[in-house]
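Each of the next two complexes has chain A plus one more chain, namely chain B in the first and chain C in the second.
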Partner chain A sequence: MTATTSPPVETPPGREDRPARPSLWRAFLRPVPLAAAGIVLISVLAALFAPQITALSGNDPFSYDPDALGADTAPLGAFGGVSAEHWFGVEPSTGRDLFSLVVYGARVSLLVGLASTLLATFIGVVLGVIAGAVGGAVEKLVDFATDVTLGFPFLVFAIALSALFPPEAPRALLLTLVIGMFGWPTIARVVAAETRVVVSQPYVTASRVMGARFGHLFRHQVLPNVASTAIVYSCISLPGRIAAEATLSFLGVGMQPPTPSWGRSIGDAINWLLVDPAFLLFPAAALFLVTFAFNILGDTLRDALDPRGGAA
Partner chain B sequence: MSLALQRIARSLGVLVVVLTLTYAIFYLTPVDPALRMCGKPCSPEDLEAARGFMGFDTPWWNQLGTFFLGIVAGRTYGSAEAAVQCAAPCLGYSFQYHQDVTGLLAERFPITLSIALGAIVLQSVLGIGAGMLAARRPGSLLDRVVTALSVVSASAPAFVVGLLAVVVVSLRLGWLPSGGYEPFLDGPVEWARHLILPWTTLAFIYGGIYARLVRSSMIEQLGLDYARTARAAGLPERRIDRYALRNLAVPLVTLIALDVGALLAGAVITERIFGLPGLGALLLDATSTADLPVIVGATFLGSLLIVLANLSADLLRPVLDKRLADGGRRRRHDSTPSAPTPQETAS
Partner chain C sequence: MSDGDELLTLAGLHVEIGERTIVSGLDLSVQAGRITALVGESGSGKSISAMSTIGLQPPGARVAGSARLRGDELVGRSAGDLRRIRARRVGTVFQEPGRSLSPVMTVSAVFRDVLAVREDLRGRERVRERTAELLAAVGLPDPGRTAGSYPHELSGGELQRVIIALALAGDPELLIADEPTTALDVTVQRGILELLRRIVAEREVGVLLITHDMGVVGEIADTVVVLKDGAVREAGTLRQVLTDPQDTYTRELLTAVPRLEESVAARAQIVPPEVPEGAPPAVRVEGLSVEYRRRGASHRALDDVSLEIAPGHIHGLVGESGSGKSTWGKAIAGLVPVTAGTVELDGVDPSARGRAERRRTYARLGMVFQDPASSLNPRRTIGWSIAEPLHLAGHAPRGGTEARVREALELVQLPGSYASRLPHELSGGQRQRVSIARALIHGPSLLIADEPTSALDVTIQAHVIDVLREAIAGAELACLFISHDLAVVGSLADHVTVLRQGRVVEQGPTARVLGDPRQEYTRNLLASVPDPERRLHEDDPAPA
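Let's turn to the complex of A and B:
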């Protein structure tokens, strides 16, 4: 890493005394990344403890509350029916508690976002390392597969796919697969480029001469070198995947009722914009804050780990 | 010359593979399109008739061949008195609309194109302009505002921004219509008035990336020797900006080409928000009625646009930067990894 002038302030007790660690910590110990980390932490806690948290407010996201609705099925009271009972108001036409919907919505967003990112990173690293290490025809093949994957109009295709699945299909799994399967090309390209550089290093050649197998080279020489790149790229792409799930749910081809999803709540809000725009605000704010926070963390991580920088 | 041909052949190859995969997924899976066409009370004879009409009574390779042949030369559905002509480029026949898919797509395409073209112009102008202004004085208030806005725009989902725009600008302030489409030929002013909100929404979402790219590259360019020399020679800043911007032509063209796929997605989203009856609306309709021919046709069209955009960027790059005319090729096919190409990071 770059030799940053280390100020004599108290650095967190890094067990490894490599200079990379303190600078990484320092990168995150600034107000904006800290706030972002706080938002991410809150959303993770909300996702993990959704039943307990909503129980605190005395609601759950599935029971209808017709008493909170007026005759036109719009929420009673100001600001979308905000009250001591319903902290964020209620969903129009059903009276479901909006606070519970928002808290539970974190589950789908984070689950699909994280799982599809893991899938995309896995495919990308495997194909990238193979392409970069083997080269030749294999590399050309992976390159072509990358072009083909990028040649698909992702959103159009993801919408189209939903026509094939019956409503009772496990949507979260399908969304994870679809979003993950189309997410690997960028990671594969970057990893392939890094792998090409690593395998041409003298120490790799030396290992090969001594009879090291591919598995050994992969685990001990290639992987440690491409790991930080792979981590940075998967972190940067995570908010995009959360947004992809929300977009598909917003369009009505993602998560199906009654599973709470921010995107679907926002999509439902379209029909109520004239009557009750407040219904839009809470799920939209949750979605925006979480993607924003992950973006900040991803950028911070990239700036700390990848001193070459580079947008995109 | 041969490099251009190579690129074209590769694009064609990508298109054929995408279309084959799409066809396989939608026509050869357990979901029987003929059953969907046949309708709910479906007698075995009707089902057979539907199969025969769509050509599903032949082996799969035959179906695929007929499908590709239809795109090139057109085809006929059914036979004898029930025959339906489908002129080239025939992408299929919709049993929901009782119309050929190409015609359906052509009807809706102008709307989606209007959205996308306006958005591309607006986002490039705003993004590049903001990036250049920010790069003039790195660290200034303006620079920090632009940088912050670009992070916000990268995180804000398009549909959230669009809906907020509708609520504030249309419903609260009543400045612009909240939706609907007016054809360009019926009056450009009304056409534009109905599209301003979709354009601004998309320009805000995607313009941030341009601003970031232009800002960081301009700062880099303005620190290079030629810029310093020009400044020392007394050239005005605007002139130097112009020189520097010329060096950004290649990454910008690449970025715009990459954005076509995103814009297509953006158009689908904005069509839903603003009630515009474009390709996205057609696709969502087709999805809810399982109108597979329309779905496959829309995927093909989307893929065609993406591939064409990337191809034009590939062909434009050597024109914009003469150094790439030959060097890019040599670097691409030279497998000795002596130089880690810095261009890789830009993609």
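Let's turn to the complex of A and C:
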């Protein structure tokens, strides 16, 4: 090693000044994610402008239309009464417009799904980071709470709880709380595992030596590095929560009539399945398409945020 | 050269993945009973070349050109043919012995499977005998015990011998050894290299040795091929390449290898700065012991060790893996609880002070770690990471921070524009320099550098060491330099401590300890350091 050794030429992986970072959006500009995004967009628009959209068809989900029903209260006409007036047909026994029910149903599904996911993610990230970063007794406590929550019979509890609550109580809020409170353990576990890895990294050790307090570590070192995992996990769990709301409504302990909900529409349609399966089609298709689309978007997001896949 | 014993011949081997050419036109030959070394730094395409010849290229790679094993063309053969060739005629040894064996299988179970495939050997008794024979052949003293062990019950050196024994099953003609000693300590490395030489001589196998280490090449190779960016830069016999390198890159590689004798001699010329009278040492450690407890059992990582570093001095901490050298650094930084003894920074014992003062005392430390990939927060810019100590100290005037980050970057010879980059946009060597800048920006009184260059290529390592040396000289701070590499320590440190199993073996000025060691262990350690030219000197009286 002589003093004349010239600095070796190191080529950084990128161009001068600032190498272009692969855009996150590019991952979504492919046919399947694009279609999924379209479905999600339609459902969001439907939820937002439900009154206007249903007004277009000249119906609303609350008015009964006995004229559309036959003597056995089954809808008149083929496919559950599909007609120019009732685009998706009518609900059996009440004659409510099924198109309006499906459009309004998006409101409850998306609202409860999104709100409960936000709640679950918030609880999960906070508890997960604290468990992973602090360790010791705190970690054991969070682990224990996680185990208890995961082992708790969710459906039984939810049914019991909604039986307890008076019917006047805001059901959407109740559902959000129930689904959200039961949804955090998986996110907490993943975030705790990730945090454990992050806090053992040398850059965190360096921070600690230099006198960093927990707040600094939390905000600058841990949170940015677990954020993508938390986002991806909450996106992937979102369809499950939409389905959970539908499940509860299907069982009759979710949204109460007359509030439209896909789960309840499906539940009602089951009673009429032998007479005419067509009533099942539209609410079930709406539920399936929206959960499927959210699943695809979650997967796409995960692939796009994965640093190994990010090298374009 | 061209005797009739050509074993493996590569001619114009070309490997492409997607649009990128990984290897462009590699020519190489391996003879039976000889070792051909394929030398290159990380990313030069050396491993991929070797794997491509036996059909183990990564999915999506296109291989062209010719690779003949005793005249049989390997490129373009069907997967089944290649599998049979690998099973009967080729053995492989990889870098990381701990990850080369399944952790849930005993060694004997692995041998049972491998012998069934490679030697069609069945029957408990015959397999047991053959296993014992192979394990004895690689110099394992107690084959019975080794065969009954799980991988985690064996040391790295023992494991690598087991892997070599597995590779020798079926008496292959060709052995591909991919960095076989890189993950091992020098004294263990010496044994493995000697074993490889013996196997080659006894069994007449040809070895394709893949390595980045010119020292290893010098110790055992017969023929050398130097690879850079997928292209051959130089090829020839060991003597040609070492004594008369034609290519500038080969010369660069050779000069970058730290030589112990030279570096100790050069270091002796440098007079360490005068220590002002009465000033406290930057760090004083006395009677330090650290014990790790796990499930009731306790393990003494450090046993009654002491050390003192004056401001402006560099103290090298040398030892093999498990000697406790990293624990020592962590104990000084307050990252592991101290069982006994005192640690003083600038004359202050942090553990005896209140919370706030303890924080302030530890903030006078800078740390640099081994792994460039995880030393910097991947989600924050370089500028943010470098300025972090200033923010934490809480005395960062808004405009001043940027100027000081720029200054710190210049100190480690990086352009100031790098402040806005993210860590993954930098190479390993650049990231280590950023770590050094971060450790020095707040003017610490002690820098703890834990193996800061061992994850880097030699040419980069030489440069990072130069940067570190200049930065330390400029800042007049004390430095604890932890390394397993005696030559690197010899070139940098004023004082050296040799550590073994938590105890100090030898301590004193570098020139004395490394130049004239008093202890058997130190001498052993020094003799194990691979030297590219050792064999040339040995051969000189009677050229082979």
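By definition in this document, the second predicted complex is superposed on the first by the 278 of 312 C-alpha atoms of A that agree within 3 Å, B and C clash if a C-alpha of one lies under 4 Å from a C-alpha of the other, contacts with A are read in each partner's own complex, and residues count from 1 in each chain.
Keep in mind that, in the parts below, a contact is a pair of C-beta atoms (placed from the backbone, for glycine too) under 8 Å apart; a residue touches a chain by one contact, two chains touch by 3 or more.
From a predicted model like this one, the values you see are computed outputs, not experimental measurements.
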{"item": "Broader residue contact with chain A after superposition on the shared chain, chain B or chain C", "value": "B"}
{"item": "Partner chain in contact with A:D147 - chain B first, chain C second, else both or neither", "value": "first"}
{"item": "Chain B versus chain C as contact partner of A:Y203, first or second or both or neither", "value": "second"}
{"item": "Touched partner set for A:A212, first chain B, second chain C, both or neither", "value": "second"}
{"item": "Which of chain B and chain C A:Y64 touches, first, second, both or neither", "value": "neither"}
{"item": "Partner chain in contact with A:G135 - chain B first, chain C second, else both or neither", "value": "first"}
{"item": "Touching residues (chain side chain A, partner chain C) in the complex", "value": "1-2, 5, 7-8, 10-14, 17-19, 201-203, 205-212, 216, 220-221, 224-225, 227, 307"}
{"item": "Of all residues in chain C, those that touch chain A in their complex", "value": "252, 255-256, 258-259, 262-263, 266, 333-335, 359-360, 362-363, 365, 367, 369-371, 374-380, 385, 388-389, 392-393, 413, 417, 420-421, 424-427, 429-430, 435, 438-439, 442, 459-460, 462-463, 465-466, 491"}
{"item": "For the chain B and chain A complex, residues of the former touching the latter", "value": "10, 13-15, 17-18, 21-22, 25-26, 29, 31, 151-152, 154-160, 163-164, 166-167, 171, 178, 209, 212-213, 216, 255, 261, 264-265, 268-269, 272-273, 283-284, 286-288, 290-292, 295-296, 298-299, 302-303, 305-307, 310, 335, 337-338, 340-341, 344-347"}
{"item": "For the chain A and chain B complex, residues of the former touching the latter", "value": "135-136, 144, 147-148, 150-157, 159-164, 186, 189-190, 193, 196-197, 199-200, 239, 243, 246-247, 250-253, 263, 266-267, 269-270, 273-274, 277, 280, 284, 287-288, 291-292, 294-296, 299, 308-312"}
